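Below: a set of structures, written as structure tokens.
Okay, so chain A shows up in both of these, paired with chain B first and chain C after.
Then we have the complex of A and B:
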């Protein structure tokens, strides 16, 4: 009985610590970013460009870079993931679904730097020649590669929610003479849309938070990107590039604004996913 | 998913490489003698131009003295100065002279063991072999954006530059393009090695690297008729040059001191020359 209470306390302490760390990080960013807000530059930062030699430290191009790369990656990745998940849990037959499932799980373990290297030597020259202009290090290349990176997250989420569609629904559809494709379109997908949504949101969060792919492939230019064939810099890559240079300048302070944006993005997405999940649980019981 | 992840990968890759290579190279006696009987670790980070020399020196020292561990990481000059100042590493390399502020703040001692040029490079497939200084300035500022304007093919110019922490960028910006702003549309890469592979892979690219890093994969462009080579940097004919510094916090002691003395020894200076830098002794 006593050991049980001890274990309970220890676990409680551990949980408390991790919550505290998360909150402290947020507090730390707000406090260090505060001089920006009081200096009146906070809101200007979101609309202006990055011209450090003229004392203008706007992060608008980085926000645009992050949004365009992450959302394009999701656009590329959703159809592929949907098809793959359908093959794994509904349409596939024989050893294929199990094999595919194992492959996807394996993909989740590949370090991002490996994707980055492969991208520089295989994808970037391809995109450069195909586009006929630019260096090939651009939003399109980064989004394609990021699409591959986030696909396993989505596929696993999708196939899990496909698999949890009640067996009786499928049998009823079969009894009405539905083909496998009809079953997928009219029963499985409508029944699991909540799981699909949370998979997409989670993958979007991963795409926004990824640093290495963008740093290696997207070109990191500070100009506002005008098309998907132009280089862009994401918020995460921006932090990685600037943090190395200087700890005291205003330039460095603006990084906390980037941090706050990323933090809020992730928080909103996690809350969103949780709410969908909770609603889903309720519906099932 | 943070900047440390990337840096950590490099650190691991480089130190693994250093450890692996340590077993294969012939010994050079004499200058390595002071290391005999010494044990411990030297952590080095910073300037990416320095890395080939640091790796070679580390390899030779560790091969003769298995109890010594030397790790070499990149990060850029700004990172090197900051990390040595905060005591995270023993030696912080920089491809520029630390500013007076940095020297005072961290009590830095500087050791300039070689001179290096910063050369403008293009892809070997490029027809353009030489540019005037004004053309270089215009290209990096974004005023000239097609190779046709400087006698090449009708293709857009892809400008590559380095990150804020780069000493190479600092020297190039000051001495080659007279502190003119580099176009915000330029691609940013994070090391001399990355710059070289970016330009080597891009037929329409232009960038700048440490002269020590120039090899057959990229083509150095002559500026106002002077090609950046070891000889022109040495004679002072090629003006875009800088010292390669290794910095310590306070006077170096022990293994760190011996390592820096090794850089200035005959063997150390020969390594620097072999890697394409101008020896100072």
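Then we have the complex of A and C:
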């Protein structure tokens, strides 16, 4: 009995430590970013531009970059993912949909840096030629590649929630003479809106949180992007690029503001998906 | 008539999206494979150094990816060594001991930890290293140990969840038999539940290994450098495959270096594919066991 209690304590300690890490990450960012808030520059930072030579360290362009790249990636990816999920679980016949399912699962294992590497040498020149100006490293290229990266998250989530629609509903629709497409449009999709919403939110979270694609493909310019064919810098890429700066400088402190924004974004998305009752298994960072 | 048209166009759209996705993935990966196939040889790893000399650490390798490969292996080994005991222990606690309230509160934290961008975990590791550098000792700087710790934090929630799910998904009859025969709670967990859930837990560990091997954002903030040779101690900087690929793509001096980048990308892709297949195979075996009751 005594050993059992001891073991339980130890296991509980491990779980507690893991929770502590989550809190510690946030705590560290708040403490290190605090001088910004007391210095009165905290709110001005979100609206001003990044002009380090004039001592202005605003992160508004990075917020804009993150928003445009992530939302564009989701816009590209949602229709394709919806089509693929429908093909896998409802519309498809023959061996191809099963193969597609396998490919999508495999995609979750492909290293991000390899996507980025292929993107630089294959996608960027294509976009450059098509646009006819610039280097090809722009919001559009990054969003296209990011769309491919987040597609498996959505497809696996969508097809799982399609599969969890009660069989009796489908049989009822079949008995009324519905075609597969009618079943999809009038039964399956309306029944699985929860899964669809949380799939999109999770994918958006992945798109916002991804560092490598934006860092390698988006061009990293600190100016406010004017169109999708211009380079931009995301919050995550900004952290990666500025980290080498002096520890006590204001420039370095702004990183923690970026970090706090990203952390809070994640928290909101996680709480939202938990609220609408999403399963966790499909989430892959 | 209209119904027919909708039917046709929706079906066509679904097949088209399948095609678009397949084409883009096969295109991207195929491009790397075809361009880089030619660079796959012992020379890719060891450059002009004799392989045996490099393996026995007699001579340093300067123009191959051997140091980066060793760096990645050491890093992944360390990270998993740190994360596995904590993650599995926490997973067992969540599945077997935690009250529903603790389960939901802790679960929220693990979901957040799983969801935060990996670059933030890297930033955390970097700040911790700086903190210790200023407060404790000048010798502590971003290094192999800090990277391994940060990576461990990154895969921790995943290990916890796979362990918890593997235990919770065990069929009820497995769970009640041992206590009915007089086994204590601890005996039930050690002799019945953990062995039954082993394939699920192991496949979670393997996927975490893959995750550690491919991550770049965390390590680029916590001590990886472009040229360091083999890591000499836990407190030294090191090279790693994903960071090598990233630096090559950003700045390559000549064609030979670019080809090494392609080669490294193929090696990393192959490693991740292998780990993924292994995890899938093990998990399928688990499904078979549950279905047919063999074991």
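Observations on the model:
The rule is short, and it goes like this: the second predicted complex is superposed on the first by the 270 of 285 C-alpha atoms of A that agree within 3 Å, B and C clash if a C-alpha of one lies under 4 Å from a C-alpha of the other, contacts with A are read in each partner's own complex, and residues count from 1 in each chain.
Quick note on the criterion: contacts are C-beta pairs under 8 Å (C-beta built on N, C-alpha and C of every residue); 3 or more make two chains touch, one makes a residue touch a chain.
Because the structure is predicted, anything quoted here is derived from the model rather than measured.
Aligning the two structures on chain A places chain B and chain C in a clash.
Of the two partner chains placed by the overlay, only chain B lies in contact with A:231; chain C stays clear of it. In the superposed model, A:79 lies in contact with chain C only, and not with chain B. Legend: residue contacts after superposition of the two complexes on their common chain; A:170 is shown touching neither chain B nor chain C. When the shared chain is aligned, chain B and chain C each come close enough to touch A:120. Once the two complexes are laid over each other on the shared chain, residue contacts for A:139 go to neither chain B nor chain C. Judged by the touch definition given at the top, the superposed model places A:106 against chain C, while chain B stays out of reach.
If you count the residues of chain A touched by chain B and by chain C, you find the higher number for C. Contacts of A:87 after superposition on the shared chain: chain C is touched, whereas chain B is not.
In the superposed pair of complexes, A:96 makes contact with chain C only, with no contact to chain B.
In the superposed model, A:151 lies in contact with chain C only, and not with chain B.
The clash between chain C and chain B in the superposition falls on 41-49, which is one of the stretches 41-49, 95-103 or 149-157.
Comparing which residues of chain A touch chain B with which touch chain C, the overlap comprises 111-113, 120-121, 209-212, 215, 236, 239-240, 243, 247.
Of all residues in chain A, those touching chain C in their complex are 3-4, 7-8, 10-12, 14-15, 17-19, 21-25, 28-29, 32, 79-84, 86-87, 91-92, 96-97, 100, 103-123, 148, 151, 155, 179-182, 184-185, 205, 208-212, 215-216, 236, 239-240, 243, 247, 255-256, 259, 262-263, 266-267, 269-271, 274, 280-281, 283, 285. For chain B in complex with chain A, the residues that touch the partner chain are 1-3, 5-6, 9, 75-76, 78-79, 82, 155-156, 158, 160, 163-165, 181, 183-190, 197-198, 201-202, 204-205. The touching residues of chain C, when paired with chain A in their complex, are 3, 6-7, 10-11, 13-18, 20-22, 24-25, 27-29, 31-32, 35, 85-87, 89-90, 92-94, 97-98, 106, 108-124, 126-128, 130, 153-154, 156-158, 160-161, 165, 184-186, 207, 210-211, 213-214, 216-217, 220-221, 242, 245-246, 248-250, 261-262, 265, 268-269, 272-273, 275-276, 280. Chain A makes touch with chain B in their complex at residues 49-53, 61, 111-113, 120-121, 124-125, 128, 133-137, 209-212, 215, 219-223, 230-231, 233, 236, 239-247, 251.
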